Amino acid sequence: MPGWVIEKYPAQIDLLARHGHEIGLHGYLHERSNEIRDELYWLGRGLDSYKAHLGKGPRGWRAPSFAFSKHSLRALLDAGVEYDSSLMGDDIPYALRDADSNRSLLELPIDWTLHDFPHYAHNRDLGYRMPISAPQRAMEVFRSEFDGAWEFGASWISVWHPALSGRLARFKAVLELVDYMRDKGGVWFARLDQICDHVQRLIADGRWTPRVETLLRSAESR
Amino acid sequence: MPGWVIEKYPAQIDLLARHGHEIGLHGYLHERSNEIRDELYWLGRGLDSYKAHLGKGPRGWRAPSFAFSKHSLRALLDAGVEYDSSLMGDDIPYALRDADSNRSLLELPIDWTLHDFPHYAHNRDLGYRMPISAPQRAMEVFRSEFDGAWEFGASWISVWHPALSGRLARFKAVLELVDYMRDKGGVWFARLDQICDHVQRLIADGRWTPRVETLLRSAESR
Amino acid sequence: MPGWVIEKYPAQIDLLARHGHEIGLHGYLHERSNEIRDELYWLGRGLDSYKAHLGKGPRGWRAPSFAFSKHSLRALLDAGVEYDSSLMGDDIPYALRDADSNRSLLELPIDWTLHDFPHYAHNRDLGYRMPISAPQRAMEVFRSEFDGAWEFGASWISVWHPALSGRLARFKAVLELVDYMRDKGGVWFARLDQICDHVQRLIADGRWTPRVETLLRSAESR
Amino acid sequence: MPGWVIEKYPAQIDLLARHGHEIGLHGYLHERSNEIRDELYWLGRGLDSYKAHLGKGPRGWRAPSFAFSKHSLRALLDAGVEYDSSLMGDDIPYALRDADSNRSLLELPIDWTLHDFPHYAHNRDLGYRMPISAPQRAMEVFRSEFDGAWEFGASWISVWHPALSGRLARFKAVLELVDYMRDKGGVWFARLDQICDHVQRLIADGRWTPRVETLLRSAESR
């Protein structure tokens, strides 16, 4: 949730929280961190809005437009964020390690394939001049990704928006997809913070070691 | 209908009106209200052309390119327009309230999904470099939207253009879609002014209250 | 055929002509007539190349990128061209009349729907970043257009390019489409110059009058 | 493989080589040769990185973004490269002859149709705002191209990327496609260097003569 939205629609945030949804942080005004000069200022404003309304900081962050910057890792670690979900470097969770401080953030990876814009967006202001798929066509894509993840034991994290996937015709198709997943069995439906808990426990217990991607300081001067 | 078109093709306007079609206003030269400096001048020219030929002002407005500006609400209310059909904020009609004057415009919402450009447009001058769908593929989308609207009792408002949806192959598919809707039953086929009448009556009789979206003056200085 | 191509590949032009194909003119270097300053110069060069190799001027013209300019009608009439095939104003042939001189050009209309770029093009240099359809998907579109034209007695004029529609997989699908058209019956397969002959004869015999679109001089100062 | 990647990920290069894959050269930083000023410098850096790690120069080159420049032919010949695989001028291998030196490079042609970006890419930074196809839709295209190539005895060269075609759902579909090809029979699965060997042998034995495309010096001043 962008900080601005938390400020303007507090009742909707409460409604979401009351129904068991996790509230993650998603920038302040959906700014692209890697294209603005004062990215830390805007991260701070987002964190402030979040804390002011929810009483504590967010456990998870998704960069608006997936624009994770070269400063993001350290800034998120400093803010106490435990996981990021903006990068596309694997099919299962992995770790982002800051070479200088040796601290790590958990990465819960996403992919454009499981985002709803490629299937449903058409918006001249955003430069989206493209065909709109029927719900059953989009579900072909989402289901094929699920089948692949199911067969090989990977994670499947969708990025869906109320104005697109929330339309009546499309949400009917979402419900059918969830039924398909349930029927297939052996699937854990979880919030990202629950996945984060689970992975942290596995690591703490020494039962699993994530692949580590180390971000060097030299990345900043690239 | 853009005002310029009314001026240049009055016989076609009369033909449409004679066959029971509603004539709404759609700008003067299909200008984007939110990108031009003198938007009220062009709104005025559109209104003048409309009144000069049709004898009275339009009941409904659709912003060219759906570009409803921060001045549109007040300007349309001042012009006596009763409904707008350019925004995408709901699945059923709702009200746009001007916070200062407490006056409201009815919104009959549309969506790019029910527009024919995403399915059929290809035009380099407009930046539309994209695949053209077969009529049956476009109808998959339109029909799924209809089925969703039908199941939950929502409105379904298409935005179709003669040069695209009016092609022989496509209009055959439109006729089949209309048959499908008829066969399903429980559907009211209506012009937008008739929907406006219906909703106004429900409100006046106290039988239904629309969701209200209030536009603040502060929106102007955002 | 662009004039430059005629100059550089005369043997290929002869091969086409020998196999009964019509050679129309398509600019000199595929320039967009409506975006260049010296459009008449380039039209002249195209005509010169054409005449130098083929012995007489072209009967038909298709504007590169369909960019028929405000000067095109008069210039083509002056050059003795009999038909244009660049505009999208109808489902059957019609006439373009020059208001000043009262001369007319026959228009054999095309449409992006029957062009192969929307279905097969992907080329970063031309700004075509879009999906490539399978041949059977493109044929769904072409066949639906054919079925529409067949039912209502319209023309069906494809704009296909060797580098796209000429690929092995796609041309196999073209052959199947031609079989489909043949089997349906009642179809005249003709070159554009033959259609031009046919329409000219119908008009001369008084058996048919085309719809006339008049281009005013005022169009130039628009 | 871009030279930079060879430098940064030598272990991965070794892994690929150990498993029987060919390592071709693909620029240094995926630069577009035809848009940069110092293209020969970057070609040199790519060659240096390649030789430093692999002990000898590459046999094959694929221009990043397929941007084969007017200097590429001579520069690749000077570097001892034996084949290029960046151009789209035929369905089977052909020769690129340098008119001045009468030396030739073998061209193993590709096409956007067999590239995975048109089917799977969606990336705002690269300007790819387009739908993502389901694996089975992409395979329709790849399989139709294969069927065409199979029927007429042509080559079929895919350009697939780990981050796109390597996703679990998609690679499952790739495996099915390979099974389909195997079952059809009469197919040679080969690396590009093996195809190069084969064609060179056919030419040396006088059993086959490739079509020759001659690049003139005048091409440079075009």
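A few comments on the model shown:
Letters A, B, C and D mark the chains as written, and numbering starts fresh at 1 in each.
Keep this in mind: a residue touches a chain if its C-beta (ideal position, glycine included) is under 8 Å from a C-beta of that chain, and two chains touch if they have at least 3 such contacts.
Because the structure is a prediction, the values reported are computed rather than measured.
Each chain gets a centre from the mean of its Cα atoms; the one farthest from the centre of chain C is A. Under half of the residue numbers found at the chain B and chain C interface occur in both copies, marking it as a different-residue contact. Computed from the mean C-alpha positions, the centre of chain B lies at a distance of 50 Å from the centre of chain D. For this pair, chain A with chain D, the centres built from the Cα atoms lie 35 Å apart. Shown for chain B are the residues in touch with two or more other chains, namely 129-131, 133, 137. Looking at which chains touch one another, you get A-B, A-D, B-C, C-D. Considering their complex, residues 120, 122-124, 129-137, 163, 167-173 of chain B touch chain C. The touching residues of chain B, counted against chain A in their complex, run 65, 88, 91, 111-113, 115, 117-119, 121, 127-131, 133, 137, 140-141, 144-145, 147-149, 151-152, 154.
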